[in-house]
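In what comes next, chain A is part of two complexes: it sits with chain B in the first one and with chain C in the second one.
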Partner chain A sequence: MAAPLTLLLIVAVTIRAVLFRSSLAELISARVEVVSPLNAWKRVVEGLALLDLGVSPYSGDVFHETPLMIYLFHFTVDYAEIVFIIADGITALALYLSIQTYNKDVFRKQKYALESDRYSADCLELLRSPKEMFYIPLKVAMFYLLNPFTILSCVAKSTCGLNNAIIALFIFCTLKGSALLSGILLALATYQSIYPLTLFAPALLFFLQRLYIPVNLRRSSFWFFTLQYAFMYVGSLVVITGLSFFLLGSWDFIPSVYGFIFSVPDLTPNIGLFWYFFAEMFEHFRLFFSCVFQINVFFYTIPLSIKLKEHPVFLIFMQIAIISIFKSYPTVGDVALYMAFLPAWSHLYRFLRNIFLVSCVLLACSALFPVLWHLWIYAGSANSNFYYAITLLFNFGQILLVADYFYAYLRREHHLTHGLYLKKKDGTEATLVLK
Partner chain B sequence: MLILSSLLLFILTTHSEALTPAAARDEFQEELVIRPLHSGDIYASFQFRTLWDTDFLQEGQKVSHYRLFPKSLGQVLSKFSVRELHISFTQGFWRTMQWGQPFIPSPPGAELWVWFHDTVSDVDGNWKELTNVLSGIFCASLNFIDLTNTVQPSASFKPLGLGNATDHRFLRYATLPREIVCTENLTPWKKLLPCGSKAGLAVLMKSEKLFHSSFHSQAVHIRPICQDEQCSSKAWELRQTLNVVFDLHTSGQGKKEWSLFKMFSRTLTEACPLASSSKVYVDITDNPELFELSPATPLLGQAVVLGDRRTYSVYDLSRAETFGQLRSFNLLLRDMLRPLLHAERYVAGFGLQTGEIHTVIYNNHPYRAFPVLLMDSVPWYLQLYIHTLTVTSKSRDNKPSYIHYQPAKDRHRPHLLEMLIQLPPHSMTEVTVQFERALLKWTEYTPDPNHGFYVGSSVVSALVPSMVAMRTNFTQDQPLFSSFVPVKEESSYFVRVYTEPLLVNLPTPDFSMPYNVICLTCTVVAVGYGSFYNLLTRTFQVDEPSPPLSKRLANLIRRMRGVPLLT
Partner chain C sequence: MNYCNLITIFAFINLLVSIPHGYSNYVETKAGQFFSSGHTNNWAVLVCTSRFWFNYRHVANTLSVYRSVKRLGIPDSHIVLMLADDMACNYRNPKPATVFSHKNMELNVYGDDVEVDYRGYEVTVENFLRVLTGRLPPSTPRSKRLLSDDRSNILIYLTGHGGNGFLKFQDSEEISNMELADAFEQMWQKRRYNELLFIIDTCQGASMYERFYSPNLMALASSQVGEDSLSHQPDLGIGVHLMDKYTFYLLEFLEEVHPASQANMNDLFKVCPQSQCVSTPGHRTDLFQRDPGSVLITDFFGSVRKVEITKDTINLTSPVEPPIKRSGSSDIQIESLTYVDQLPVAEIIHQKPKQKDWHPPDGFILGLWTLILLVFFQTYGIKHLKHIF
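Let's turn to the complex of A and B:
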């Protein structure tokens, strides 16, 4: 599989290099769907320029990157394009290797389940074979590298690409079983933007499953491992934050980065739900709704972890999707990350209910975003409601997509244990409903 | 034999003048006079004169070899025995109170007055035919001139050229006030010139600019004149004149800055090769320090015109150095009121997302450079990007020696940018910085959000070198207007220049939508919540249809009776 992967990498690098050299790079860097106030390249350059002028980048409200980004780009600002192409390559490679490991894991678990007779008799069609799973890692890498969202994000030099690389490396280390590296990378991902905090639960569940520790709150082995992992994670986070303090000698970056993510003061339009909501908010409800919207990202963790405790990798996918949809400043780079996982669930195709509708909605919205933006901002013939409507529709499509895959996954699990062709009491074909 | 041949040669040479007619001498001169008027308008007067030593009116001698003199007019003169012809086409009315006196006056519309030779028997017939022929030559509807609008003034229009006949029966005068002048009239008029509109001053006559003026008049004047003081020989003089007044606001864009290019959208590249003299005169009598002329010329002329002695700067187009290196002569008249330091500011860019603030600072001192301190305070909702700051003077980068920048904090404080820039002498310095426009909360907009948001003026503070030494000691009897700013130095004075404030439009949300937005967004979030809630709390079950009502009632009764139920 090395040859097709190399070819894929070459094609991806070529596309990005060609776009970097063309006049489209300028245009794409300014698009609000691709960059947000948190990860725009223009703001990174501005922060470095402020540092050169002797002013702290966090004294204004333009720069919202973490100090380690300043460190990184201080040395590589001239080779920024190469950095972002390499980041994309690392993400794709990490995802490829993770899904390869995951497939082996899936196949092994399936073998054990078949041997212990846990599957019902007539669900042979639902079983997965190595032959159909052979090309899935390559497809995952392809879905990430050749996704137009990823290419746009890379050409715009949005630091979302770097965040995706860190999350992909975290997934790789988790699936390989290295708890320390996984903790460090998760701490790095959380340090960059707070939301990957919710990935702590699926990583923990994966390690527990791997080490055959039962998920039982009364067992001491569970708590022992949990505390170990939590210690590694929190420790790395503290170390990284401390290092950042020593870069600029002040804690200014905490309100500038994390305060900014939570309080959403900048209402620049993006593909998320926050900007127009807070632009049209009544003043006395602002605090209440900020809390509601932020809690919305975090609070699906516990219920999902309980439901999917046997399936931590699917849980990771669900968590990343929920973060991408409900975070305060989403961009298409975030969307591209969870979309890369979709080939891994290609066996769920027969149970997906709304896939046609969802793909049409997402395609149409992606096409309409630049049109309605132009009509609002440049032509002056539309107003902000048009763009907001497409934002709503895009997020609705994404929610439907994720919910659909969740439904299909749960249904397949049900069929595996209860049989594929179910019959009612009177022998006719049954329909399954959620009750 | 030899004597015979030499005699033959002698006879031939003495009678050569009789065998071949004498070559008539003709001469062409062209001239342009530019006079800036008091109201800021500018008056340009072209005159093209062709002098020809010939006699159209001599019987028996038909003039056939035309060189500089246009053939169509020559034939008109001989056929209708015209002694003097004056025709003019004018668009607009000459405003004497605002513009003074014109060089060649003319009424609006068309005017034609002609002195016929006293040998003409049927003057009216000649007049009728003449008007028709001229109508064809000039593409004008002069055929409307007939007996109903022709007069024979007895005293007003005496001959302007030679001629002792004062019998006004041979004079005819008519005007057509309704006649409109347009390109169709200009083109045949230009064709009468020896060089046409291809060389010399006539290249400036392009109709798109000439007709976009307050006053436009073209005329042809033909008369016999004396060649010298004693009037030993006569010649025919053809003068073609074109007078045009360009309006300050229509053509000049409100600025008292005129150039040949601005007036005519052409520059001069060469004199007419057939002209014996080709000159441009600029009237500098009115306060020569008021405007500056470029390129400068050492030639000065004086002339008495309209009862006034006036001084002119003269440009001789027959000399190659007038055209300079670029082989193009573009005369520039500029208002001399040039303050030493002034600044302008404007917003560039389009759309409601980004923009650029350009501040332009002019140093008009001819040889001294001095530093200025520029202060910009930009509100927080226009996010400045200081890495896009460029300062250019004379299209070269000019790095400021001191920059103090305090970035804005959203809803707390605005941007503050202070720079010390060294301005080179006689230059324009441009400071540009890019910004992005923020979307504000709906309560932060003013009641008329589409009016835009104001950005305060930039402040340029400088110590400008003074022409005059100033006293630094404090005196009581100084007038108030000179004692506001304390004078610390003798050779420079403190000046503070404010630029224009800017008006910037920000993208606006729809103000009627708060409730709708809350409902719709919460609906989408609720759809997500609802789907996940369903999938998390419910399990898959086989859908057993509930039994029909009759069966349920029957089962209810059976249960009460204690009998086995129906399935």
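Let's turn to the complex of A and C:
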């Protein structure tokens, strides 16, 4: 598989290089769907310029990147394009290898389940064969690299690409089984934007599953490993934060980065749900609603972990999707990351119910975003409600996609254990409902 | 006898030689006085800020000062006359084309060679401040500009309705005493005047000069804070008050002044005492460098050219007389005036070195890479080292 992967990488690099050199690069860098106040390249340059002038880059509410980003870009600001192309390549490679490992794992588990007769008799067509799973890693890498969202995000030089790279590496290290590296990379991802904190649960569940530790709150082995992993994670987070303090010598970055993510002061329109609400909200409700909105991101972890504790990788997919829908400043780069996983669930195709609706909604909304933006800002014949309607619809489409896959996954699991053709007690055909 | 004759002739020749020498000595001593006032040209800015027929007296005030100033030698090109309303051609004027300052129509201050530079609605606070500071658009004609330099003595006369700290322009806007003080400071920094005499005839006029802080300003006002300036006489034929009391007596005083008169500022301070003016005129001289007693009226109101014709060469080796120190304050050291350093030439010549770029601290880099190496070896084990090396 090395040759097709290399070819894919070359094609992806070529597309990005061509777009970098064209006049579209500046156009794309300015689009609000692709860059947000958190990860715009313009702001990185501004922060570095402030630093050269001897002023803290966090003064003036312009720069919201973490100090390690400052460190990285201080040396590579002239080669930024190469950095972002390499980041995309690393993400694709990490996803490729992790899905490869995952497939091996899936196949192994399926073999054990078959041998132990856990599957019912008539669900043979639901079983997965290595033949059909052969091209999945390549498809995953392709879905990531050739996704227009990813290309746009890379050409705009949005640091979302770097965040995606770190999360992809984290997934890779988790699936490879290295708890230390996984903890460190998760700490790095959390340090970048706080939301990957929710990925702690699926990673923990994966390791527990891998080490055959039952997920039972009363067992000491569970707590022992949890504490180990948590210690590695929290420890690396503390070390990284301390290092950031030493870089600039002040704790300025904490209110500027994390305070900014949580309190959402900047209401630039983006593809998320926060800006419109907070634009029209009265001041003394702001705290309450920002708490509500932020809890919404973290809230789904616990019920999903309980339901999907046997399937941590699918849980990772769900979590990433939920983060990119409900985070305070989403961009299309975040959407591209979880879309890359979709080929891994291609066997769920027969159970998906809303393919047409979801694909139409997502395509139409992606096309309408620039149109309504132009109508609102430049032509003046629309207003923010139009743009927000499309944002809502886009997020609705994403939620429907995620919910659909969730339903399909659970349904397949159910069919595997209970048989494909379900019958009600009186013999008529039953339908499976997600409640 | 021969010896006697020689001595007489010698003395006579000495006398002959010394007379022009003595005369040139006289001129040399007088030459010191040539430079005592320090100005070479005179300007006047005369502003009337009120409109409407019943404010006739303010226009008459301004025109009478204009008349005196022109009579004493300042040409129209050096006078900026701002009248907010036209009284001479006002439809309510029973004697059109005239503006009288005395009852019984004794003195027509309008005449037939009045040159009004800013008229009617052009008299605004903005235009007034622009004239003072020189910040006019390039299309402004010369007659509307105050083209003074650092050797100009400027007379500024304001009249209208005012209050504590403000002067009303055209019944719609005000200029505050702070704005005026700042405008004068701008003029000082731009070296637009040598000395400035500020006269104001409004109610509570003294409040307008309270905030001055630039050097070489002398100010007179017709009334103190809390007092109203009163008008002088109504004319029953015209139907309005013709002049304000202060300017009326000022005009009377100025009519006695001629270009060669030696009347000084102390006489001007005595114009219109309380018995005549009901309000108490005030003046301010603490910012002025010279003693007011040595300042001639014609230094401000006239344009007296200092010309002395002589056929002899004069040696100006003796230093110019310094200005007469104020009596009573000789123990206070008056520091010499310096102009503000507008261009920091020293800094421009010696360019500052280019700022060094920020660099991450070495400790940070060390710590970061140590950690990365530690993690690397922890993950992959030391035993792999031998494969690398």
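Following the convention adopted for this analysis, the second predicted complex is superposed on the first by the 432 of 435 C-alpha atoms of A that agree within 3 Å, B and C clash if a C-alpha of one lies under 4 Å from a C-alpha of the other, contacts with A are read in each partner's own complex, and residues count from 1 in each chain.
Operating definition for what follows: a residue touches a chain if its C-beta (ideal position, glycine included) is under 8 Å from a C-beta of that chain, and two chains touch if they have at least 3 such contacts.
Note that the structure is a prediction, hence the values are computed from the model and not measured.
On the superposed chain A, the positions of chain B and chain C overlap enough to count as a clash. Of the two partner chains placed around the shared chain by superposition, neither chain B nor chain C is touched by A:Lys131.
Once the two complexes are overlaid on the shared chain, A:Tyr71 sits against chain C while remaining clear of chain B.
With both structures placed on the common chain, the touch criterion links A:Ile399 to chain B but leaves chain C unconnected.
Of the two partner chains placed around the shared chain by superposition, neither chain B nor chain C is touched by A:His284. In the superposition on chain A, A:Leu53 makes contact with both chain B and chain C.
Of the two partner chains, chain C is the only one touched by A:Leu180; chain B is not. Of the two partner chains placed around the shared chain by superposition, chain C is the only one that A:Phe246 touches, whereas chain B remains out of contact.
When both complexes are overlaid on chain A, the residue A:Arg218 reaches neither chain B nor chain C. Of the two partners chain B and chain C, it is B that touches the larger number of chain A residues.
Clashing C-alpha atoms between chain B and chain C turn up only in stretch 488-496, chosen from 128-136, 488-496 or 506-514, once the structures are aligned on chain A.
In the superposition on chain A, the residues of chain A contacting both chain B and chain C are 53. Interface residues of chain B, counted against chain A in their complex, comprise 350-354, 380, 383, 385-387, 403, 405-411, 415, 438-443, 507-510, 513-514, 517-518, 520-521, 524-525, 527-529, 531-532, 534-536, 538-545.
For chain C in complex with chain A, the touching residues are 355, 357-361, 363-364, 367-368, 371, 375, 378-379.
On the side of chain A, the complex with chain C involves touching residues 51-54, 70-71, 74, 178, 180-181, 184, 239, 243, 246-247, 249.
Across the complex, chain B is touched by residues 30, 32, 42, 45-46, 48-50, 53, 55, 59-62, 265-269, 273, 275-283, 293, 296, 300, 303-304, 306-307, 325-326, 376-378, 380, 383-385, 388, 392, 395-396, 399-400, 403, 406-407, 410-411, 414, 418, 422-425, 430-435 of chain A.
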